[in-house]
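First up is the structure itself, then whatever we jot down about it.
First chain written, first letter: the chains are A, B, C and D, and each begins at residue 1.
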Amino acid sequence: MERNKQKIINDPVFGFIRIPGNFIFELIEHPFFQRLNRIKQLGLSYYVFPGAQHTRFQHTLGAMHLITEAIKVLHEKGVAISPEEVEATQIAILLHDIGHGPFSHALESSIVNIPHETISLRFFEYFNRMFDGRLATAMAVFNDTYEKHFLHQLVSGQLDVDRLDYLRRDSFYTGVTEGSIGSARIIKMLNVKDDNLVVDVKGIYSIEMFLVARRMMYWQVYLHKTAIVAENMLIKILERARELTKRGEKLFGTEALCYFLNNQITSAEFNNNDDILPKYAQLDDNDIIVSIKAWSNHNDKVLSWLSSGLINRKLLKIEITPEPTDKNYLRSLLNNIVKKTGISEEDASRYLVFSDSISSKLYSKSDDQINILHKDGTVTDISDTSDMFKLPTMQKTTEKFFVCYPRM
Amino acid sequence: MERNKQKIINDPVFGFIRIPGNFIFELIEHPFFQRLNRIKQLGLSYYVFPGAQHTRFQHTLGAMHLITEAIKVLHEKGVAISPEEVEATQIAILLHDIGHGPFSHALESSIVNIPHETISLRFFEYFNRMFDGRLATAMAVFNDTYEKHFLHQLVSGQLDVDRLDYLRRDSFYTGVTEGSIGSARIIKMLNVKDDNLVVDVKGIYSIEMFLVARRMMYWQVYLHKTAIVAENMLIKILERARELTKRGEKLFGTEALCYFLNNQITSAEFNNNDDILPKYAQLDDNDIIVSIKAWSNHNDKVLSWLSSGLINRKLLKIEITPEPTDKNYLRSLLNNIVKKTGISEEDASRYLVFSDSISSKLYSKSDDQINILHKDGTVTDISDTSDMFKLPTMQKTTEKFFVCYPRM
Amino acid sequence: MERNKQKIINDPVFGFIRIPGNFIFELIEHPFFQRLNRIKQLGLSYYVFPGAQHTRFQHTLGAMHLITEAIKVLHEKGVAISPEEVEATQIAILLHDIGHGPFSHALESSIVNIPHETISLRFFEYFNRMFDGRLATAMAVFNDTYEKHFLHQLVSGQLDVDRLDYLRRDSFYTGVTEGSIGSARIIKMLNVKDDNLVVDVKGIYSIEMFLVARRMMYWQVYLHKTAIVAENMLIKILERARELTKRGEKLFGTEALCYFLNNQITSAEFNNNDDILPKYAQLDDNDIIVSIKAWSNHNDKVLSWLSSGLINRKLLKIEITPEPTDKNYLRSLLNNIVKKTGISEEDASRYLVFSDSISSKLYSKSDDQINILHKDGTVTDISDTSDMFKLPTMQKTTEKFFVCYPRM
Amino acid sequence: MERNKQKIINDPVFGFIRIPGNFIFELIEHPFFQRLNRIKQLGLSYYVFPGAQHTRFQHTLGAMHLITEAIKVLHEKGVAISPEEVEATQIAILLHDIGHGPFSHALESSIVNIPHETISLRFFEYFNRMFDGRLATAMAVFNDTYEKHFLHQLVSGQLDVDRLDYLRRDSFYTGVTEGSIGSARIIKMLNVKDDNLVVDVKGIYSIEMFLVARRMMYWQVYLHKTAIVAENMLIKILERARELTKRGEKLFGTEALCYFLNNQITSAEFNNNDDILPKYAQLDDNDIIVSIKAWSNHNDKVLSWLSSGLINRKLLKIEITPEPTDKNYLRSLLNNIVKKTGISEEDASRYLVFSDSISSKLYSKSDDQINILHKDGTVTDISDTSDMFKLPTMQKTTEKFFVCYPRM
């Protein structure tokens, strides 16, 4: 008889999370998945919110918990979902983030220029081969090629369990408690109409709160200026490290990190070369942090200056403005740095003085919609339904601009 | 030596609440204040949210706790507030709700047609006489005649501690947890500029959340249709009881309730007749509930039918619509009731079949504003500052309509 | 088709509570059950903990929620429980407290000298007749005459869901948060062995915490001296009211309360006279409170003095000692009161100066045990298993003594 | 004018934590302190409790918050504490854990055989030199050489804020919520008598709960068998790495880690050699994790087998027994491993098959006591006061034994 591996895991956010079966337990036990234990969900946000140390592992288990709850609710409302589809949907959410590397967005913007969704798909394929096709349906759900579209929407959509978990979890761990969304209430209100995920009309205020809380979390947490400057410093460090490597310098680093510093891997190569995935799966937050600590003493001034600044919390100064940074102002900042540090203008403008923009959109009808199911069976989009959102301006992207430069 | 009466009170919402001094402790111990222990904050909302049994006593202590925190924050930011002003402001908030009778709004709409604020003022005056003028400053703060306007704003304004406490507390006790506002964060962001309460610009997202959470609580809790129908039945019951009393019928009731059934007290009488306040202070939720239970068996069909319906949770049916109730529909409902019950058309239309409207406004600049203090020292209104609220529509009143009638 | 009455109720403690079916919903909607909405779980404890306004209604729904969870866990561990048994067990817990009157223990000690369990049984019988025998199994589970003993243990035993809910709920509402027990973890550890409820050995520390938290709640909350003095004053008030009634005085009161003041009902009469149950079901906290308010002005000095003292929070002084109250001390207190008030010695010693004892036992093996299930399948009692409780002294009853008397 | 660096930090456990002044802010900003952001409070416990990712940085700030609260309470009770003493006590708690290395206990048992308290003292001295003696009083408080002994007891004693924070925080992050202690209530009950920290007698139940919760956290969390096996594997890995290094093998590692692998530093050397502290301050969790990942592929079978086992969650099997492991059983396990793996008996017995014991004591009077202050001014020890602890057995050490070996 097969040993029953069913397990219950303590979770500070949801209390207990039950692993729904042996196969899923096996996936969770796999080293590629355990790696998520070593990747923080919010990257460098702990520079601002010291509590934000939670990992993608926890987030993924939380999202799996919520998808199981959501499926139960839909089931009770008479939506047909087979046991195989249940497992497939659970696996789809379990692996949806597995492609994330350490400091995901920083890496994608520097040394691994491949979207993490693409890499997640490589992991799906790897496990599917390993388990003789058992992940086929999960992959179809993930890729939205499965016949029941609403299963994909649970995994990835305007109201997916990914967001339901991360908003609540990030709120919990950062201590920004007013961002806590009513995930339980929203899930109770889910329904399916014409193969689309919908929300019973009673849930409209919860949806409004969800959208506004999301907006709040963006500006208060995800786009906090200290988090932005730290992430940008990390990107600059990795870019500089690659540049030095290209020039032939040998930098300290773990084998896996050095591999990605030395090789600019394309999506195609990632697909075709079976050696790359295991190397990628070696990477986690620790590889990046130890390198930055080591590089703090490197003799390249740009690299060591940025690295020691980041590790010792001596961050660049950042200014955020509603308008793009003035060119003349940027130039004067640059001149000042060049004069004071002796760093070349080219290096200074690439690594030390830079401007960019950040943006957040509350809701866009053109994306996957949030559909409201009325008592008469009709379905409308939230932006046509809520008097709070019945406004073109609410769907406008808010854009802000920033400039970073050394404090001198 | 005076016995030190300073006390700490357990509060499920804030943990511990410290009574700030002996005089305030004496006020709290007074029977007129203790009465608030017997008046539920949310009236009949426990028909929908069984947890909503919390009282005005708890709310008032919570608001006093928050005002003490707010004063501490302002003090640290250099705002001058003398110990006397601190006490006055604490007393002002402590007594701000003391005029509330049982099921406040129901009473104000039926047998005690005096705004509770007016009655609160009578209590202030009563205590002020009793304590030889020690409440003079508190009254001035309450009435906004004190020289420091911002103290009044803490007690009563768009962002007063009254709202900060009740939104959070009502959210807590109803279990509508996503309505929980970040009162601590908002308080940390308070400041004073030109004698006006302002919010540091960093707090703008918290203010947005506060306003949207308030809106949500209105529609999800305060204006929940079951709460509305229950409250309206209570109003009809009290109106009928008064009508029968006028006709000379002797209804069961406590002495105090009978007094107010028998006498239509005006604001002027309340002012001039010293006997009225102590009678009013006899009233609490219990007086109303026992009467309704007794009236369930009265031989007046309207009174007994409404009373037994309310006490036994057989409520009128309520329909909520975006448009005013159609006259013809209302008439057909009425005819049906008259035919089936034999109750006169006049009685039926006054007590059993009725329509009305409810409304909620997110924010209005014309009321006391929410002022945002920018880093350059300028102050703007939230509705001109937040891109979420920078819209005339957001300030529009949302109005809904309802009709109630017996299920038959 | 039957209207689906399945409902979800917001609960501040457990989030959402689902009513498990139409029949149970019908029971909950019945006026006899709705009455629990008007009976506070902790009686007069709000004199100490103003947040403790929660009702037996909430507690009962919470316990039903936990029993449903517990049954789910047992089911997953392979314990056979039929759908009929599930419903019966849910009903048994739903109605287990329905016999409670207002201020239950005070009434049982004064004007309704019948244990609330006996009265609960009358309600079971009433509903069973009303619903043509559908409660037969529920009654058997409640009475422990059903063949599966462990179902009764879930409802009433050392580790029943009654305690699991009330400890957690009382902790929540009083704000004594450290008394919060890990109900979810304990429930996950439940199992059945030889028809007895047992706890998997992994749960031993949670059980220890449960027992110690219970002890703490007893001394910190349930036996708080202010709560004791208030409850004893209430008993004395009701005893005096009955005495005066017997003497022929007509006291203010609702019809139901007057009935019980006038008639000393025995268990047998309660059984045989069908009029009594509906009268009893008329009683709730409100009847008691309005009477005490009215009696504050009665011309009997003992009644009015105690009543106004209780309602206005001018409580008797209470002293708690490890030894029984000294007779001479008691006498000197009594003499002093008699001299100062002119109240007769007999009345004073019966109503104003009195002593008694309170006690709490941590755990007793002679009661229904807490059984620990070891990995080898053996079962031992917690007091033989836990090294913390492996001590005769831990099972000793702790007794304390108190004396109450007027502050003069 | 000095820039006001006073800051408020979000903390999921306590809401907001205020940094009490510029000097303390400067200490917190120092790289040596920031390093605590990269050291998990509970080491490898996230193998069992994935939420337990919180850091010593958070814990330290939390403890500082609590000591500030405690000082406020003592101040209000009339205990004299000067502003200088307040700062000194805050600094003492802030730096009390700064000597912790990554996976503290594992390191102390392998490659840095110096108690972390000793190393903390080195950091105190370093900062004291750096800031011209400003930490002298803080050091005296930390070392218990300061004239006011109770200040030291706040930092380190049976009821210090260290424990108050970590029990509550570890409970929060592991999700073992019933371990949450009432830190706020305990702090409110603190007092000082004859220069000793005491607890007002009202707090006795909170103290009982605190002691039992601590015991529960020990067995449920700190000594969880999976955490024990993981930590022991880490010790074995580090010991093996040192052994191989001694033999002349060059292992992958960061500069700082290699330094400590190569050099067995004594307490004396740590004292006398100024180069060691900065090297030690380079170490954090990341150094260890990347090494273990790299060592997974090392050609030494013992090192790679243990390393890949730990990183990939293929842990040794662990058995826990109330009696010491039977010698014959241990031998048979060993023989089996030697036979199956070909690893030498010596290596196998040192690194792969080993037994040891763990123990936890509830309370010991011989340590710094928990003193209860009675209303008459007398002071007694908790173990003489609480009827729960008035038992020699409660103070007995509970010892358990374990054996670890590879699953084969």
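By our rule, contacts are C-beta pairs under 8 Å (C-beta built on N, C-alpha and C of every residue); 3 or more make two chains touch, one makes a residue touch a chain.
None of the values given here were measured: they were computed from a predicted structure.
With every chain reduced to the mean of its CA atoms, the largest distance from chain C is reached by A.
Counting C-beta pairs in contact across A-C and across A-D shows that the higher total falls to A-D. Our note on geometry: chain A versus chain B, Cα centroid distance of 43 Å, whole angstroms.
Distance between chain centres (mean CA atoms), chain A to chain C: 50 Å.
Rounded to whole angstrom units, the spacing between the C-alpha centres of chain A and chain D is 32. Touching two or more other chains at once are residues 15-16, 176-177, 185 of chain D.
In the complex of the two chains, the chain D residues touching chain C come out as 176-182, 185, 205-206, 208-209, 212-213, 215-216, 219-220, 362, 387-388, 390-391, 393-394, 396, 398. Residue ranges on chain B touching chain D, taken from their complex, read 8, 15-16, 184-185, 188. Contacts from chain D toward chain A in the complex involve residues 9-13, 15-16, 29, 31, 34, 37-38, 40, 46, 49-51, 53-55, 57-58, 61, 172-177, 252, 254-255, 282, 284-287, 289-290, 293-294, 311-313.
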